[in-house]
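Here chain A shows up in two complexes: once beside chain B, once beside chain C.
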Partner chain A sequence: MDNKTKLKAFLQELLTDYGKETDIGDDDLLVTSGLLDSLAVLRMVVFLEEEFGLDLAERGFDQNDFDSLSNIMRLVSP
Partner chain B sequence: MILIRSPTLCASSAPEQSEVTLKCMMQKNNQGFNIANAVYRQSLREPARLAIAFEGLELSYGELADRARRVAATLVQSPGWGAGEGFLPRVGILASRSIDACTGLLGTSWAGGTYIPIGLKSPEDRLITIMDQCQLSALVCDSQGAKLLTERVLAACPPLVLMPEPGQHLPAGSSPEIDIQDLHNLPAVTDATPPAHIKSTDLAYIIFTSGTTGTPKGVMVSAGAVHHYIEVVTEILGLDASDRVLEVCELSFDFSVLDMFATWQVGASLHVLPANRVMNAVKFARESRLTVWNSVPSLVGMLNQIKALKLGVLPDLRLTVFGGEPLPANTVEAWQLAAPNSVIQNLYGPTEVTVSCLSQPVTIPLPVTPKRNVIAIGSPFPGIEAAILTADHQFAPTDEPGELALSGAQLAEGYLNARELTEARFPIIHGKRWYLTGDLAFCDASGAFHHLGRIDNQVKVLGNRVELEEIDTHLRELSQTELVATVAWPLVDGSARGLIAFIAGSPMETSQILTGLKRQLPAYSVPSRIVHIEQMPLNHNGKVDRGALVRTLECDGH
Partner chain C sequence: MARLADFTLIPPFDTYPKLVAFSQQLPGKVLLLALFSAGLSFRTDSWLHLTAFMTAMTFLPQFRPVLLTIATFVSLYLASWPNVEIPWSIHQQQHPTFYFFKPLILAAVLVFFAAYYTAVRQNKERWYAKRPIRNLLVFYILLLVAATGLPSSSPQHVYLWTFLAVLGKHLWFFNYTLLDRHNRETPQLALQAGYYFPFWGGSATPFPKGAAYLRKIAAKNPEQLAISQLKGVKLLYWALLLALLEKLLNQILYGNANATHAFAEIAFSLDIPSFHAVLHEGAGHTYPWHMNWLALIANFFSRLLWFSVWGHVIIACCRMAGYNALRNTYKPLQSVSIADFWNRFYYYFKELLVDNFFYPAFLRYFKKWPRIRLFFATFAAAGFGNVLYHFLRETGSIADKGFWPALWSFRVYMFYGIVLSTAISISQLYEKKRPTEMSWLRKNFVTPVFVVGFYCILSIFDSSDRNLTLGDHFIFLLKLFNIHVS
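Our next item is the complex of A and B:
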């Protein structure tokens, strides 16, 4: 599974937990749109740290980085 | 007869509460109080001063007062205004934290009404239940609230609804019996009408919290109680006009009362962070150069987890106010590194005693509650008495745990349309009215109170008050089995981050049950998972053993 597929599968699972079983596009807004909340962002952070070795201590947190599939892709494969 | 002031018994009131304070309080009761008074006063004194900032829009006190006055004039002129029997007209505020929400509630009070925040996370059925219970005269929505006005909700709406750009949200002529007006284009008011006189015993607001029976209960808070609270809390916190204050709470959470009215009381400015940007709170506070941070401790726990609490990242912050849930010592330690110039106050209080009524300055060494590693909840505000009660409602001795009871100027009037529940939770003990918090606590020899948890099944999920029995009531119905139990999980530093429900012997599908719950409960009350089990663990009384369920989760390493 490539990174994007893996990431998309994870986000889809998150959305299902939030009762939103819609298919997401690369640029669909996930958090500012209200689809997901701050707890979901936390779960994203944990997932990205474990699966992609994301280090926020180094980079600094900006919620925008987590607001769409393409933003997250940029975050993990700069 | 036990004397409350006896030093060996655990009841304590603030030492400052002298006869002078009491006289002052009595005078206040005669004067009446309008929560909009401070904005009015500042608008005359320094109209150009910044009052509120939200998503790039900044309003001065003069502008905020003007907007509130327009809302007030529209309300007062509506045919349904003042129709209530024996109570002030009530206005629902269906909104997130926003300038529109603030103008709505200020306008309500300005017109002499009671405001009732209705959380946006409420599903349709709950919105309708709340509106039916309240006999609203009007409803004010912000653009997010307006999106919730489905056909069914509209049918339950009062005769007047104010919202921004109604044309965008509702098709023209969709509800001819309701007068829908554009909140951003209300007729101008030329004279500087002051806020209406409101008696101290009349209600400033009603805030709904979770109820064990499955129906939300409305806590009725008087103008006099808010008056006392705001005067005392601004003094304790030492707020002043130069402060720039964070607002990160929904209006349906009464911490927002502190944020808004303490800020405006001193002529400071309120900086509102929308819900969908909350994880950017540190960045926002830094860029807006905030001096005061108010939040639940969980938010700081989460910000720490995303590594946002870098060393010295918030140098301008001079005061931090935590409340709404237990404050873990390690949250304090992480915060002190991020905001090295900030003093920290830990506030405690239930909605039923007007936001907060005990305070504990966080000093070094940390005033921790033994074995729990959370900060003590401290001593009562002036005008408030706190006591630890034994099971038979006697005052317990020092260091002995019991139910924390509160009395004094900030007690709510009770629960809306629920006399029996009000009498049970606000009993007269030794000739005085108390509120029984349901919190287990003790008072140490120095007079500081320590919180030990709940005596019932109420939990706080990220600061939101949730009765587990309320969820269970709906679960039983939806799953068609009696054997259900919801537990708070996961727990981080003793605070709940979510909920998990267990059901035994249900013929229903998980997804069906979840869908049903989402229709009836606010989102933060809906369990993230439903686990089907073969047998429900029971304790020796034959009741569901929630502790055993939590232990299975711990063993599973979830």
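Our next item is the complex of A and C:
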């Protein structure tokens, strides 16, 4: 499974947890649109740390980086 | 049954294609502005100049950031700033013809921050650029401590406290600018000045968040503007309905002793004592336990309504200006956990604490212990950040009492912060069951009653009266269960 597929599957699961059974596109807004909240972003952070070894403490944190699949992909493979 | 579940008092106009198309044409725009303006006139005396700003932004969307900056500065000049009024009046006695005191102090604060922001961006390796938000907060606290040491009648005292009051009001806006410093969406600093206390109102909490976020939610085309404005009109009229309900409830619960006429000629009232009265109950007047409960519950719901209306009007104006922001309060009575209520009740304050305290703590500490990590970060936000925000907001009290006595008078709110953050942490750690998996009764009745009940009881310790002790609040808590401690 490539990174994007892995990430998309995780986001779909997250959306299901939030009661939103919707298929997301690459640029669909996740947080700004109200689909997910900052606690969901938290789960994304943990997922990225565990799955891709990302350390956001040094890089600087910006919630906008988590607002769409394509934005998150830029974090994973800059 | 399904139809009943989908029923909304105000229909979802923003999803009707014909209405969206009509709202993009001249008559539609004029009609929306007129409807909004008429509704706004029931809520604020400033409706006329707010309408003027929104009209300009509707017809000249390409100049929206510049218009927002102009509107913000005009509104700031016209507004009354409670924290600044006292030093300003002293200054006016000394220099009655000096009309530019407020603009000059504001300019000084903005220039100070511009210098700091530029230094942070240009010298990324210097110590002050590593953790710029923490450094700004520490600098502000040190200035507060220093200011309490100055003789109270000196001109320096007046200038410094005015500067601190204005800087304090802008502090969290500046923090968002610092947070957004790497974001591609962040506009130039000069244009960000329009996002500090935008004309649609708010508090020291930025509504809605920082400049990068605002730019992201701005309408990019006429269709998005029409949808945003339809949602704005809808939210404003929902707020007006809630305001009506608030008045009606206040009449029924408390009566209308201070008004000449009863609301809507209703003479009936339960005459429930105010929460202030039962909390300050002296030895000579004891309320029965059930009256204490009624006062607490009535106060909680009355505040909830007032707060919803306040936030809805601000966000409605923001949407009319072309920024399609999320609501500040969203169906708090449907919360399925303690953490969920906190998210739904005061969304932008929660976001402020999450952005400024939660994430920095979560990303740095206890990475190998997930539960401690979450608990610590939640405590940093809902406990430490929450108390710090409220303490720094009370510059008047710090100026009057001195820094350390003012901090000591905050001990009840500190207790509130500890209990709240502990409860939210536990809620996040253990209440993981999906709302969709809950039974109807549990999701719609049992859990919300438990959650709202918790916040209602906790609100005892959220009193703004800093003269009462923690013991006074606990005595009231015991009285609810008919236990009297002298």
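Everything below uses one rule, namely that the second predicted complex is superposed on the first by the 78 of 78 C-alpha atoms of A that agree within 3 Å, B and C clash if a C-alpha of one lies under 4 Å from a C-alpha of the other, contacts with A are read in each partner's own complex, and residues count from 1 in each chain.
Here is the rule we go by: contacts are C-beta pairs under 8 Å (C-beta built on N, C-alpha and C of every residue); 3 or more make two chains touch, one makes a residue touch a chain.
Only a predicted model underlies this, so the values are computations on that prediction, with no experimental measurement involved.
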item	value
Room on chain A for both chain B and chain C (clash or fit)	clash
First (chain B), second (chain C), both or neither touched by A:T32	both
Touching partner for A:V45 - first (chain B), second (chain C), both, neither	both
Which superposed partner A:Q63 touches (first chain B, second chain C, both, neither)	both
Offending stretch of chain B which, after superposing on A, collides with chain C (from 20-28, 362-370 or 416-424)	416-424
Set intersection of chain A contacts, chain C complex versus chain B complex	17, 19, 32, 34, 37-39, 42, 45-46, 56-57, 60-63
Of all residues in chain B, those that touch chain A in their complex	275-280, 282-283, 302, 305-308, 310, 462, 497-498, 514-515, 518, 523, 528
Of all residues in chain A, those that touch chain B in their complex	17, 19, 31-34, 37-39, 41-42, 45-46, 56-57, 60-63, 66
Residues of chain A that touch chain C when the two form their complex	16-17, 19, 32, 34, 37-39, 42, 45-46, 49, 56-57, 60-64, 67
For the chain C and chain A complex, residues of the former touching the latter	179-180, 182-183, 185, 212-213, 216-217, 326, 339, 343, 350-351, 354-355, 358-360, 362-364, 367, 370, 374, 428, 434-436
